[in-house]
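Same chain, two partners: subunit A is paired with subunit B first, then with subunit C.
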Partner chain A sequence: MDKNFAVRRRRDLIVAAVLAGLAALAPLFIKDVYVQNILILTLMYAALSQSWNILSGYCGQISLGHALYFGIGAYTTELLFTKFGVLPWFGMLAGGVIAAIIAMGLGYPFFRLRGHYFVIATIVIAEIGLLLFQNWEWAGAAMGITIPVRGDSWLKFQFMRSKLPYFYFALALCCLAWFVTWWLEDSKWGFWWRAVKDNPEAAESLGVVVFNSKMGAAAVSAFLVAVGGAFYAQFLAYIDPESVMGFQFSLLMALPAVLGGIGTLWGPVLGAAILIPMTELTRSYIGGSGRGVDLIVYGALIVAISLALPQGLVSLFSRSKAKGATR
Partner chain B sequence: MTALLETRGVWQRFGGLVANSDVSISVGRGEIVGLIGPNGAGKSTLFNLIAGVLPPTQGSIWFDGEDVTGLPAAARCQRGVGRTFQVVKSFETMTVIDNVIVGALVRNTVMREARRKAHEVLEFTGLAARADVLASDLVPAEKRRLEVARALATEPKLLLLDEVLTGLTPTEAQTGVALVRKVRDAGITVLMVEHVMEIVMPLVDRAIVLDLGKVLVEGKPADVVRDPKVISAYLGDRHAVSA
Partner chain C sequence: MGLLYGLIAVGLALIFGLMDVTNFAHGEFLMIAMYLSFFLFAFFAIDPLLSAPLVAAAMFVFGAVVYLLVVRFAMRAKANAGMVQIFTTFGLAILMRGLAQYFFTPDYRSIPQSWAGGKTISVGGIFLPEPQLIGAAVSILAFAGLYLFIHRTDFGRALEATREDPGAVALVGIDKNRVFAFGWGLGAALVGLAGAIMAVFFYIYPDVGASFALIAYVTVALGGFGSVFGAFAGGIIVGLVEATTALVLPPSLKSVGIYAVYLLVVFIRPRGLFGSM
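Moving on, here comes the complex of A and B:
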């Protein structure tokens, strides 16, 4: 009974392990620092998008304010480090926990909103967060925080000579976000989230506490995104409100999932692998004068995808799979 | 033994509209009870009150010896109230088996057990062959059956069926009738709202007729259909006199 299902789950796991293994070997062949940089960002956005996908893809609560949690992760880590000497590893966890608590606190009023109203609320809240940090003197206000970097240290998670440690951390984070999604997909929570997305009233009649399901999804999603924010802050060694909490982060978390396939296991990774290198390349070709051209590219891409393949790029794979299943 | 379900003096007002006024009904264990009445009689509202979609304006609802008036729908499901929706509400992006697993998770926290339970229910409802199909690809009659399957997976003591036999072809309706009997034989009490008299009357043990939000008549199906009050509610006073 259900052998197909178990086989598919195991196959996903094996494919992921192989891909992760190949990615781990990539730096052996790719020595160019610029390309390594693109790889790091791609992995980071894959992880972020995968985390965003938990709340917005599986549970159907579309958030365009996840930059808030990203920024909270970054700021918690750096404030704890620069003001109190707390190591970034602990700061990362603290940032995740704080982001999860804030996500639930915000969810309490906002999960009563439906559809577009919820989306608008998330945008507004993230913008308010940005404004607060821009005016918060103790946290460096608009000037931001420069992280004192003194040589390579795993303890302080900072590296000057090589980017490889950042690469491996980003890869680990991406694997973690993927694995959490994989694990949740075949759990009570995963089923509840999909039910809530498809029809909250029916879900409620089947014993699903809709509100709690949304809260759970928000907490997991925010936690992982905040860990990503902490990583990004360490990677840049400098943060200011716009560079860790700007609206573009909310977009860059949502777009890979939308492009690859929203609410699917592989969508965010696939989307990020296409979108992020493309963004970085257009940026570097066009140079400083063309700021915003990358946004035009995404816009066009999203329109094309939603017209031609509304289920995202992964549907190209699953279509052939579905045919095989009916045979 | 107390009744499984009891509504005591239930009122529901929507603004100036009174959808249910002073409705007191009871459903005994193991019964199939039909809730009938013309359009706008307040059947669906009463269903929603029993299922916990909204609290009544006044009155109380008792289930299995407990006052459940203040409990939300999910909590009532956990206590053993299962329901279907008149307008089907399948989880469209999920497969048939996944739809049913959502229901099975109420009593089975381990995924493997929930999955086994869901397969069992699909066998029982005759949907096993469609397990891996997306719910959005089902034909209407199958969607109705999926509603029943999903509710059964929650292992209810009371199953509320909201017009599951309406709008089906005669063959499909007969399959539906057989399924309802099978459900009762499995020890589940059934309260069903139905329009199609000739299908529902031979099926139910007892019928409750609602009209204008009130209980009009209650009794054996054969007596209920002959009752002049029922005939006049459905067809107008002229027919009642001539009957």
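Moving on, here comes the complex of A and C:
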């Protein structure tokens, strides 16, 4: 088994490198700004979902409050940028570190909770964050922050003329999240997390420090999501509490991983690659009527995929592989 | 107000708390019920309080059908059943919201005058709005009824047994799907009652459910899963906390108090106040 695992890991890495290379070349052929926009969002959701997957998929602590970290990343970056003139690159790191610290601070009481009690606690804490930001005058309250234009440069991470730099950053972030997951999968942490997910009592008795491994997963996951939030804020050049910290966002972040395959390396990427273009296309082609047809289609598709493939889309691949093995 | 939250939560307590099925479409059930009583009023001029039993009956059928058509299959999932339930019902919620927008348009609607709407009763010098009082009374009755139903009837025992061990239950001749379909029907009927009463004094629009659903989850979890009495107590606490918070903080922050109390309670008692699971 060990040998197969090593072979599989090497193959995963090669496939990822090829895919990333192809994605990097995509803008040479795709000049349409609308399509580029969809690609950027797809990559961003893939990165977010991959990060969410570390805590919720691998470690089994289902969080539906990750919008909190996303919002913290976005707000830290923009508050530092607009109020103190700190470059977004530093804001991004600061946001990530703050989010990771908050995640660990919250983990201290939260990780004692099990099942529904934990999930509801994560929803509730994100909701508190949302309400506080909506009422925080200095941070723009419910109106949010419009990011002023300070020039078109990598230094300030603002690009007016072309969306391509955003595309490459999103691609890099997606690769980073994937690579971190890939690397952790085979580390001590990865094995601990799976043990914690399957049976925390047994893991504890075998010497896994359950609490610390949950904390580690929460910190990594929150950091990456916050960096994603910082990116999103620079990309849209406008943020408000509802759009970066709302409950919907927590679900949207989890959805690609769940549809693609929760707790798997490829699930989030696969889920995002199918879900996000679908969402955007239904929204722009049939959502214009304002009568909610896009919601009907979107909702029906989510129900259909969750029912038809409870293990996610990756199970399609492993099923065909399993057949090949028995032959 | 607390008893109203209780009334919304009681249906959820049955589905979420007693059957251990996550239902993220509970708020949308409420929304459908509110529209039902609105249309009964608009087309047939039936007062929402009189049509409440009709709405409850319709919602019973609706809940049972949703279970049989969709949720039944979500529960069959062998791996990560929890996530499948969450996202199936979430998809269902979006679907229902979309349908509501399509057929009813996103406009805000309200029931202009009803038998009890806008009236107040003076109790010892304090004026209380009548619809809220009726809601409170119905809420207490609904809880008492559900409590007796779960603890005193064969069905209640069958329901709990089915949650505990569906396999063993099948051996003694109980059909899991019939029990759960009935449970879903009943849960939806209870939220139907809540919707009919709330239609009198809330605006009705496709997204109305979302604002109440989260409070309902918190109410159920605060009281503790698996306990009808817990959900009732949770409802009262939530109402009191909200009223107290509104005195101290600006109204837009009133929910913060509820959430903070939930966190405080589960940090001290990780199973909620009266939970058994």
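Convention: the second predicted complex is superposed on the first by the 300 of 327 C-alpha atoms of A that agree within 3 Å, B and C clash if a C-alpha of one lies under 4 Å from a C-alpha of the other, contacts with A are read in each partner's own complex, and residues count from 1 in each chain.
The rule we apply is simple: contacts are C-beta pairs under 8 Å (C-beta built on N, C-alpha and C of every residue); 3 or more make two chains touch, one makes a residue touch a chain.
Predicted model only: the values in this text are computed from it and were never measured.
Colleague: For A:Val293, is the partner it touches subunit B (first), subunit C (second), both, or none of the two (neither)?
Modeller: Second partner only.
Colleague: Would you sort A:Leu206 into first (subunit B), second (subunit C), both or neither based on which partner it touches?
Modeller: Touch status of A:Leu206: first partner only.
Colleague: Which of the two, subunit B or subunit C, is in touch with more residues of subunit A?
Modeller: More residues of subunit A are touched by C.
Colleague: Touching A:Ser187 in the superposition: subunit B (first), subunit C (second), both, neither?
Modeller: first
Colleague: Is A:Arg8 contacted by the first partner subunit B, the second partner subunit C, both or neither?
Modeller: neither
Colleague: In the overlaid three-chain picture, which partner chain does A:Asp198 touch, first (subunit B) or second (subunit C), both, or neither?
Modeller: first
Colleague: In the overlay, answer first, second, both or neither for which of subunit B and subunit C A:Lys83 touches.
Modeller: In the superposition, A:Lys83 touches no partner, neither subunit B nor subunit C.
Colleague: Following superposition on chain A, which residues of subunit A contact subunit B and also contact subunit C?
Modeller: 263
Colleague: Would you tell me which residues of subunit C are touching subunit A in their complex?
Modeller: Those residues of subunit C that touch subunit A are 16, 22, 70, 73-74, 77-84, 86-88, 90-102, 105-106, 206, 214, 217-218, 221, 225, 250, 252-253, 255-256, 259-260, 262-263, 266-267, 270-272.
Colleague: Would you pull the subunit A residues touching subunit C in the complex into a rising list?
Modeller: Interface residues on subunit A, with respect to subunit C: 62, 64, 109, 112-117, 120-121, 123-125, 127-128, 131-132, 134-135, 247, 251, 254-255, 258-259, 262-263, 290-304, 306-307, 310-311.
Colleague: With touch defined as at the start, can you tell me which subunit B residues reach subunit A in the complex?
Modeller: Contact set of subunit B toward subunit A: 51, 53, 72-74, 77-78, 82-83, 85, 89-94, 98, 101-103, 105-106, 109, 111, 114-116, 119, 132, 150-151, 153-154.
Colleague: Can you list the subunit A residues touching subunit B in their complex?
Modeller: 1-2, 4-5, 186-188, 191-192, 194-195, 197-199, 201-210, 263, 325
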